[in-house]
Amino acid sequence: TTSSSSFTTISKKASSVPKMPFPEGDSESDGSKLFDWLIHPFSTNKFFSAIWERKPLLIRRHIPQYADGLFSTNELNRILTECNVRFSVNLDVTTYQNGCRETHNEEGRAFAPVVWDYYKNGCSVRIKNPQAFSKPVWKLCSTLQEHFKSMVGANIYLTPAGFQGFAPHYDDIEAFVLQLEGKKQWSLYNPRSKNETLPRFSSGNFSESEIGSEIFSTTLEAGDLLYFPRGFIHQAKSLPDSHSLHITISTYQRNTWGDLIQELVTGALSKAIAEDLEFRKGLPLDYLSSLGVQNSDKDTPRRREMMKKIRDLMGRLQDHIDADAAADQRGVEFLHDSLPPALSQDEKSRTIHGANVRMVAPGRPSAWLCDITINTRIRIVRKNAVRLFAHNDGDANDNAGVRVYHSTQNSRTYHEEEKKFFEIEGDCALAVESLIHSYPSYVTVATLPLNSDEEKLNVATSLFEKGIIMMEEKVKMMKRTG
Amino acid sequence: TTSSSSFTTISKKASSVPKMPFPEGDSESDGSKLFDWLIHPFSTNKFFSAIWERKPLLIRRHIPQYADGLFSTNELNRILTECNVRFSVNLDVTTYQNGCRETHNEEGRAFAPVVWDYYKNGCSVRIKNPQAFSKPVWKLCSTLQEHFKSMVGANIYLTPAGFQGFAPHYDDIEAFVLQLEGKKQWSLYNPRSKNETLPRFSSGNFSESEIGSEIFSTTLEAGDLLYFPRGFIHQAKSLPDSHSLHITISTYQRNTWGDLIQELVTGALSKAIAEDLEFRKGLPLDYLSSLGVQNSDKDTPRRREMMKKIRDLMGRLQDHIDADAAADQRGVEFLHDSLPPALSQDEKSRTIHGANVRMVAPGRPSAWLCDITINTRIRIVRKNAVRLFAHNDGDANDNAGVRVYHSTQNSRTYHEEEKKFFEIEGDCALAVESLIHSYPSYVTVATLPLNSDEEKLNVATSLFEKGIIMMEEKVKMMKRTG
Amino acid sequence: TTSSSSFTTISKKASSVPKMPFPEGDSESDGSKLFDWLIHPFSTNKFFSAIWERKPLLIRRHIPQYADGLFSTNELNRILTECNVRFSVNLDVTTYQNGCRETHNEEGRAFAPVVWDYYKNGCSVRIKNPQAFSKPVWKLCSTLQEHFKSMVGANIYLTPAGFQGFAPHYDDIEAFVLQLEGKKQWSLYNPRSKNETLPRFSSGNFSESEIGSEIFSTTLEAGDLLYFPRGFIHQAKSLPDSHSLHITISTYQRNTWGDLIQELVTGALSKAIAEDLEFRKGLPLDYLSSLGVQNSDKDTPRRREMMKKIRDLMGRLQDHIDADAAADQRGVEFLHDSLPPALSQDEKSRTIHGANVRMVAPGRPSAWLCDITINTRIRIVRKNAVRLFAHNDGDANDNAGVRVYHSTQNSRTYHEEEKKFFEIEGDCALAVESLIHSYPSYVTVATLPLNSDEEKLNVATSLFEKGIIMMEEKVKMMKRTG
Amino acid sequence: TTSSSSFTTISKKASSVPKMPFPEGDSESDGSKLFDWLIHPFSTNKFFSAIWERKPLLIRRHIPQYADGLFSTNELNRILTECNVRFSVNLDVTTYQNGCRETHNEEGRAFAPVVWDYYKNGCSVRIKNPQAFSKPVWKLCSTLQEHFKSMVGANIYLTPAGFQGFAPHYDDIEAFVLQLEGKKQWSLYNPRSKNETLPRFSSGNFSESEIGSEIFSTTLEAGDLLYFPRGFIHQAKSLPDSHSLHITISTYQRNTWGDLIQELVTGALSKAIAEDLEFRKGLPLDYLSSLGVQNSDKDTPRRREMMKKIRDLMGRLQDHIDADAAADQRGVEFLHDSLPPALSQDEKSRTIHGANVRMVAPGRPSAWLCDITINTRIRIVRKNAVRLFAHNDGDANDNAGVRVYHSTQNSRTYHEEEKKFFEIEGDCALAVESLIHSYPSYVTVATLPLNSDEEKLNVATSLFEKGIIMMEEKVKMMKRTG
């Protein structure tokens, strides 16, 4: 490993080539192993302690086939041929030449020959939501999501030999650039100021004169990975002798302490005003003549007294902080942003997706119930696909309710579906909570902390029918007895 | 054929069973043949001269397998298992018992066992947009659309034995009820008044006391068809011994002369005011004291004179009518409402969908151009999938433009896509017009009424790349020469 | 009188100077006399038959004091000093120099010294709503409104010697320019095309090269009047030796036959569709292939047949025309646009405004009722301040109602108040109608066409309390007896 | 003075009757003296230390004429006769009988006889914005506003003998009820809970069973004052032998520490995120599994660590507090809510209102400039009518500007005008600040902290022309020399 102050490089050929790990069942562990693979042979611990949000990391693996099976130009061609890929919505055709960045999108569907003709004429192609078209990319992103607990997205970039498709700029996400085919020459530049370090919003396009001197320049080859934090300006061009295809995996967009604190203070202030009389007392008659820019040069006892009172109240605000409510607010947004779980065939066969109703004759289903008993062993489908949320919705009697939010019925297209949730009663909430905490273990329905078997079966059935839980065994179908 | 004044019945077993006709290429002719089949053995001419928009028609075919292959409970089970069918959006679960109509929809996806459990408990199931999930239904509707030149939709209704799912009501569409499985007993009632004859909007649910005496009641069996015009109140229940599955094909929603006239007068008045000084002249000083309810009892010469002037101007309005513009306005809306063409595999192979780019190596397409030459024989994909539209968009110089609207990239889900169109220049518009009029014949690119071969190839390529035209031969791929 | 084809001039010194006529009681007659005075010594009949909406008219009166008392720079100074005149809202400060038109408005109130300083520096001053600040201007406009039965507005323009405040342009109103002080040199130009003859919207500012050659140029002196129809381009500048003050009285903005027809056809089509089955019948299956630009070259029998059908339906539309409803719709808008009546002190003493409640002690009104008996003689306050309106508001039972709209509580500021109306029952509507038609005569309450004295008194009291009627005698106050 | 725990009563006849004090020039001192008078003979210091926001105070003055000249039924009658008082907008007619609260408003203007007729029939009358119609009420409120530095409003209530107009309820303002004529019996009740102590929003109408037992009941006579804090439920009815007229003066609506803190935290968080990298750093991967209701029972080191981090960041938030910006934000809202200063004739003569332009002839102002020299002695018109505000408006270069907000051009009708302000440059801001701080002293223009006499005169003239400053001497008019 080579580590300069401003970036780190590791170049090592693995003795044996690790395969992209196949999810094995515990989603957080699967996510973690997949991340290990992504930055292999760098270590995850070292990554989060020394690199993450700090500086770029270049990993040369010398194994061109490292990410085989994830995506390819052949796969792109298949998608363009078979799927309704639309210009601007799903795909951009761009050039960056002589400092000029242009988009060449047409209207409507991007049929394969049209896209390839642009490509043959020097245009770069960006697929904006490959998760929606490619199952391996979906699986990659949704599994990493279980690692990051923040939305994981992806873009695919294809550039013909000898071209550049985008102007220098910085993004508002943590970027993992995985080279899939060919080569691309990358140049990276430090954030231009403290203000632009870990920025909350992406930059516009920069001219060469605006980006400072580069911190390093390197050529990525297939199998290599380049990570850089949000705020690092970058640009990349293919070499004269090779096209380039890479995927950029992105995460941690506006997922900061500030975002949590924002949820927190809004709630805390409402609670403080409702609960603490001090916040409802009138301001002193002279506050406007002690505070304000026009009084900011004063250093009177009265002004100091008010400043002190303000600090006291800010301090009291702490007493009304509800960190759990704030985290849940964000957790619910995360579930809405999330990709749905990419279930394997085996997994599907153990969820509602595996429920195959048998029809014995037209209009006559003979087995249409999923066999859930008190002994059925169940767990939630993914550690981070469900969240409890206590709310207090404009009810005169201040009755609070609990909702179960989940991502299991999300679309692979961002926010195509509304937030998915359903209300449950307090007792049932504890049952759901116990399922969340017992993950990844399977537990019998009987162990749910509810009073009667009927209640236990009701909760289990209800969660199963939403696609939120899976059984340890394949779903068996039955007819209603009696 | 039995024909009473208020409805017509035909009951005849065909000597040979006509198969649902396979589209052969000329879309209007295909649509017409499909409609023949739908009302077989009744005749299409007689239908439109004596039945359409006038009275119900009952066709007993005594051939249970008449519509085999269109839809079935088995197919419904497959769809529920494989597709993201959502409660309320795509599917309703309903009951009508003791005069009370209820909907039992849950939130989110309607998984098969859940739906079948409702069904087993006496609920009816309505699939609201089966075209989106079933290819035969899509093909049926999009082919009939070529016959009606008005959006054709469909609903599927499944009712367990001994139940009714919906309250008596009337609709705002022409309804063709095709029994697919089992039996259902239908009751029909005349429109309650002249006002509710051919109504523009559907009714709410009626109680039994509101619907008058029935004009007939009959039991539909598989293969039978029942047609009734909008405004006819109806209700249906399955028999104790059999479930019922039928499809209702609907068309002609607000597709009336009044709708055309509405487009017409709006345009005519704008033109009259712009072009005819009489419309811009001031009203006489005394018009408010000659007209109005408070003056309606008067019969003065002055009032008569104004009434005459108004009639004269209404007459002059006729001079500014642009029936073509009004029809095109509606034509464009029709294209937006339309289902996209359901192309057969053979047809696809002769359109841009059949363009298979060959990749010789990663990043290297070797044949990515569709071989269109001056001798390629082409036609538009469907008679009614394209429309020219002359517009005049807020251009200071009053420059009008021509747009080509098309339905070839529509979604199978209603209005999921925006209106699809592109601008062309005047000369090219003539070329598109010639293609529209030469349909269903194939013509060579050379015959397009344009000045140069380059222009002809440009127009043909452009239309081909939007999916608007098909070749007579399979698409051949080539690389750009030179 | 000198009359060229393009404009008419009259130059005659009246033997005796007619005073601006004082309203005498019959509002239409008052309006008519005031208009006589405005264009004196030209005749009103000749004006409306030969000049109105046709060509400019210049009236030289050689009587500088002709309009004395209407408005003056002194009055302007008083208004700026006493009233809350706000820049941009009520007043503009402008220059037009070297082809460049500029506005120099500040924010907030336009205090007198600030405005006069601009004026002293060459700026023109426009008062945009002088009716709101000047009682004579209010009286002039509201009286002329009774003549035109269309909103009458006014602007005041003050220009220092040797300057021009506005660029050449045309307006969308009929303009009567009455010179009040000093002199101004006017240039007029013909409408540039048929399209810009009697235009519906004002032009932007023109450059000198855009306005054609002038039809005449003249210098208005105090007491002179210049009329020109909408669409005539004009510009004016003061002379080096004199400032200029004039008022422009405007009327007939979008008050054309076309506007009436617009109301008419909208209503007629709704009625036709509701009442005439022909309008609700479906369009023929082939209408889209017979009509439209792409079919406009065809001359098939089918196309001719459809064209004929369209003309027939357009003809039938005539059967559903409700000219009275359309006129009332416009009448109601006119009432909303109207200035409120400018009542004289004597008139006020005979309306609710003259009701002086006597207080005998704190909290003890001793006479608080207006003495209206069956013998009280009443009339509406102005011929055109009230209008009956039959409506049909979303009532399932198609119950129509009648409203009395009125302008008596309008603000002197345009649309500052909502439309003013109240509902009445059918019988009472006839009573209001009889009052409208008996105007300007006073009638006793007893003559109202109602069944009982109580009803008659109720209607009379109700109208009186809204300020809609006046008595022939001064209001007498009484206490409730019994 | 009698003071129980829950309310305080003072009953003392003053030896000499204090007149309502006439504003003398220093607006805060004027406000303070007026408040002394309002609660006389109670002391202001004692009021704010023991009563304000704590408990009701009843002051019996035994001087019926104490508030003479402020408002009377006679004045109400004059206002109804002369002003455009509109039902619902400015006046409500109400009853409260048998537990039923009704409003009897008509549409449009409330003419005097109509209102008195309702009154004679037992209705109460509420004038909602008497400041707009009554000059003494305006003066009272705008002067008290200088004391409270929070909007001061007023309502007038007139009730005929033996009636009650309103149901029991509590308000969201501090209320000073000053009896003007007759008598009224008041009942007060404690806030029902801690939550309803100093509430932020008024209650709806209560039934008798909802309001608890009264803390006291008393009869107010003319000259008496009753104060009670927001949240105290109250109701009042007139006695059988006397009508009642009182004014309720209200202030401190949502003017609490909580409101200031709200402004504060919003700003602080924005600044913290922009300036402090800690707030922009990503959340830890496990925060969602340590926080949230589903994890709230855990007490893990990790959870404690995060809680600590949150508290640390909340603490750091303090470093980014800008109390001056928050106070200015509220100060600007206060100026928008404010009544405009009620200037005396003498004061007007020393402001732009006293600038009488002399016209020597039509169109010829001879003296149109206000004589402001370097020696003119000036001050702002009211201590609390102006405020500096530093803003930072969407400027790419982060350039901040300074605005002068003022209430001098507000309307007497709440929020009828937009916020009034103008931009100034940094140097000039210091000049305005010096004027604010030197108030109530007059200072010469020469003392403004600016570099040149020209700048000083410019600032002074500009402020003078907005009506923000007054001179020590009457305004003198001059013509421009040279």
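Should a chain be cited, it is by its letter among A, B, C and D, assigned in written order, with residues numbered from 1 in that chain.
To be clear about the criterion, contacts are C-beta pairs under 8 Å (C-beta built on N, C-alpha and C of every residue); 3 or more make two chains touch, one makes a residue touch a chain.
These figures come from a predicted structure and were not determined experimentally.
S.K.: In angstrom, rounded to a whole number, how far apart do the mean CA points of chain B and chain D lie?
M.R.: Each chain's C-alpha centroid was found; their separation is 63 Å.
S.K.: Centroid of chain B to centroid of chain C, CA atoms only: how many Å?
M.R.: Chain B and chain C have C-alpha centres separated by 49 Å.
S.K.: Averaging over Cα atoms per chain, report the distance between chain A and chain B in Å.
M.R.: 41
S.K.: Which positions in chain B are in touch with at least two other chains?
M.R.: Expected reply: no residues.
S.K.: By the document's touch definition, which label belongs to this structure's chain graph: line, ring, star, complete, or other?
M.R.: Per interface graph, the chains form a ring.
S.K.: Kindly provide every pair of chains that touch.
M.R.: A-B, A-D, B-C, C-D
S.K.: Of all residues in chain B, which touch chain A in the complex?
M.R.: Going through chain B, the ones touching chain A are 72-74, 77, 80-81, 84, 107-109, 111-114, 116-117, 119-120, 158, 160-161, 181-182, 242-245, 352-353, 355-357, 359, 362-365, 368-370, 409, 411, 420, 422, 465-467, 477, 480.
S.K.: What residues on chain B touch chain C, complex-wise?
M.R.: Those in contact with chain C are residues 48, 52-53, 147-150, 174, 194-195, 197-200, 252, 255-262, 264-265, 269, 272-274, 277-283, 285-289, 291-296, 306-307, 309-311, 313-314, 317-318, 321, 323-328, 330-331, 334, 383-384, 387-390, 402, 432-433, 436-437.
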